[in-house]
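Structures follow.
Shared between the two complexes below is subunit A, which has subunit B as its partner in the first and subunit C in the second.
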Partner chain A sequence: MSHVHIETLDQSSATLTLSLDVSLYPRDVLYAAAYVFLDRAYVLLDRQDARFVVRFRSKRPLDEAGFRAFAGEFENELLAQALRHRVVDANQRIIEDVVAVAIAGAAAGVDPGPGSTAAHPPFIDPKDPDDGFLDDPLEIARPFEPGKQGTE
Partner chain B sequence: MTPRDADTVTLRLHRTLYPEAAIAEAATTFEGLASFAIRTDGEHYVVDVSAIARDVGGDVVAEFCNFALANSARRRRGAHA
Partner chain C sequence: MRSGELLPRGRQVDFTALAPERWNPEFATPFNQRVIGERVLVTNDFGDWLLLSSDEFRSLIEGRPQPGEPLYEKLRSANFVAQAVDVGTQAERWRRKKRYLFHGPTLHGFVLTHRCNLVCQYCHSSVVGMERTDTDMSLEVAERAVDLAFQSSAWSLTIEFQGGEPTANWDTLRHVVEYATRKNRTIGKVLSFALVTNLTLMDDERLAFLLDHKVQICTSLDGPADLHNKIRVFKSGNSHEMLVAWMRKINERYAAMGLDTNHYRVEALPTITRPSLTRWKDIVDEFVSVGCRAVFLRKLDPFGFAARSAKTLGYSMDEYLEFYANAVDYIIELNRQGVQVMERHAAIMLNKILVDEEPNFLDLRTPGGACVGQLGYAPDGGVYSSDEGRFVASMGDDMFRIGTVHDGYRQLMTSAATRALVMAGLNDAQPDCVSCVYKPWCGQQVEYNYKAQGSLHGHMRDSNWCKKHKSIFDYLIHKLESADDRDMEMFRRWTTNRTLDHFIVQ
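Here is the complex of A and B:
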């Protein structure tokens, strides 16, 4: 049995109303699934007691089969977003650790200032002209178009 | 969505699903196309949309609803980040 119930389906006004149990899908999942359909339909969310009500008005004409397919796609999207939500929750700590390592790596070239507890010195010393990318013995940074080579 | 007269439409947006700031942001986006008055009525925000521009393509009120929903979703996602 489907967890999403078709409340109304009106081809003449191109509207479809669905309802779903609030205990089955968190609000974030409902937002994410509805967001996916914003380019195809006008979407209005509501809540009646223990059910979310989702009203769609299609931006293009659909027959009844089209509307039923639309409802099925929405239900699939709810499931996909619920799984995504669950994976993010389960891996939140790992995601935060990876981002922290990436930010720490990117900040390694920045002068940490006095009192910093940085674990290692910067990879490039910006005060040393012989260190890093300022030295260009192979003239890699020099433009090769004739008009843009400068006078050096 | 309830049409009150030819030029006014009343929307009821549930307060648990549409934060007031998200509605206000959408109203600001559409301020050149209609006038918006937001008030509270029980579990809903009631939005009276008036002076709706008729000389633009598309449905201003329905697009406003989509913007309010998109803003609500973005704010919710931002709050979690």
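Here is the complex of A and C:
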């Protein structure tokens, strides 16, 4: 049984509105599934009472069958993202442990590499507060800059 | 030949047929998935991959395989069983493949001049006429750039001469080679030089210098004479004829020096333009006929003149991908006939997929190569994140200028701009990349994102960068899925990396 309801489907305005119970999927899963459709539609996420509302405006004309397939694909993507979300929640720690062990091993010094007689200090000095590579002084981690639309 | 037919593409698994109430997320390490043909490709962050049947995939997500069962052993040996992962072994493996994270930039691109004697229709660079010697890099700037490059914590350095036509500023080229070689006698890095040249200003004396000083020579060849000369316009003669004559002469010199000519050859790169799209067979044949063992079928990018001539020379990504598949299908067919030639995108990707290597190709790693993998030095002493960063600058935007040769290395590497570029070039920071089956092998270029989509991050879902790489990965996995022993041997041969020790300056 489908957990996603088609609320409206309007071919003339190329819009499709879906809704789903907010308890079904975490919000991150909804975001991730919606993102997958950005190349095909303009997407608006909303909430009305106990339901998430997802409005798509297709970038290309679609017939009714096309819109219904769109809804099916969205539900499928929700499930795919939900599976990933649950697996990552359960076992992401393994990945983090591997990276932590690997970096701790490398922090002792830089491998000079075969054939080299050069010696250098580590590129990142963990004791140096200025080596904060997670800083974001230019706020570049912010999303898309609308004032600099590209050519694609 | 494909005609209007797209490459075989992967697709999302049909999860609506897989009962969520049966899922067991505790069983597996984090993985991503994609349907390839009749099977499901799964990959994990360690770079392991398997092609599973639908039943096997269902069993994986339901956590049903038991120790001793063939499927359990298959999943365990590929690190998909969470409880069976050896953290120490995987940490060592991760460190080996990510070793580029633990040192500074290895590739240093010296733009010796903006002058060029060709008028290529798609040229990236801000090319000027041969009389404009004011755009040459001075000896003083060149020495400062060498000093800066040697401050890199990388144990290996490649100084690559670019332009314009770099041999137009021969005195500076010669000085950089001699100065860097002398400097390296006390510093002891693994140093090499590469020259990207159109060969039209080559003469015997210059060639002797380049060979004596072990400078690797790379050039550009767009295909047969009619195609090459149409795009690479040379008012003083036939650029294709000169190019091919010099390529043959240099290859003969390598042979005379006792070098193995299977490995030591002039490298050539084509640039694919609209007139190339139907000429895939001619282009591959031309490369084979001039003695090349590799063809790098690069798509025209959105930088420089290429952007301005997009209407006449440009094409869609679908058109490029159709061209790519036709050309690589033909290359595979030639290999089956005993002709040894490969395509470089495929070879780089197969290295990651088949032999668990990270070739450190700067456009396909995470974080991307900007600043921490490469630096570009402009004639005026400006230091850029990469070649592409400089190309953006040639279009009037200094976004990727991170400083000058008069700045300190540490200052450049820890600058706000460098940090921003590194952060933006992480697959783990991209919404689509984190859940992509090709995440362990893919990467991005922040300069491309910026130029094509207006921000350093871009948005991968409708990025041509993503489409190109995902499509080529799809194509290759389809090939691997259906490969027989003979094809697998060929793909493995493409992944054989031979170090060109002759070009290392000790």
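Quick notes
Simple rule for what comes next: the second predicted complex is superposed on the first by the 106 of 152 C-alpha atoms of A that agree within 3 Å, B and C clash if a C-alpha of one lies under 4 Å from a C-alpha of the other, contacts with A are read in each partner's own complex, and residues count from 1 in each chain.
The definition used in the following text is that a contact is a pair of C-beta atoms (placed from the backbone, for glycine too) under 8 Å apart; a residue touches a chain by one contact, two chains touch by 3 or more.
What you see is a predicted model, and the numbers here were worked out from it, not measured in a lab.
When subunit A is checked against subunit B and against subunit C, the one touching more of its residues turns out to be C.
Using the contact criterion defined above for the overlaid structures, shared-chain residue A:Leu38 touches subunit B and also reaches subunit C.
When the shared chain is aligned, subunit B comes close enough to touch A:Asp46, but subunit C does not.
In the superposition on chain A, A:Arg57 makes contact with subunit B only, while subunit C stays out of contact range. Contact with subunit B, but none with subunit C, is seen for A:Asp28 once the two complexes are overlaid on the shared chain.
In the superposition on chain A, A:Ala69 makes contact with neither subunit B nor subunit C.
Once both structures are placed on chain A, subunit A residues 31-32, 35, 38 are touched by subunit B and, in the other complex, by subunit C. Against subunit B, in their complex, subunit A makes its touches with residues 27-28, 30-32, 34-35, 38, 42-47, 52, 57.
Here subunit C touches subunit A in the complex through residues 12-16, 18, 20, 23, 25-26, 28-33, 45-46, 61, 82, 85, 87-88, 90-92, 94-95, 98-99, 101-104, 153, 155-156, 187-190, 302, 307, 413-414, 416-417, 419-420, 422-424, 429, 431-432, 435, 450-459, 461-464, 504, 506, going by the rule given at the top. The part of subunit A that touches subunit C in the complex is made up of residues 31-32, 35-39, 72-73, 75-77, 79-84, 86-92, 94-95, 97-99, 101-103, 105-106, 110-118, 120-123, 130-131, 133-138, 140-141, 143-146, 148-152.
Chain contact summary for the complex, subunit B toward subunit A: residues 1, 12-14, 16-18, 43, 59, 62-63, 65-66, 69-70, 72-73, 76-77, 80.
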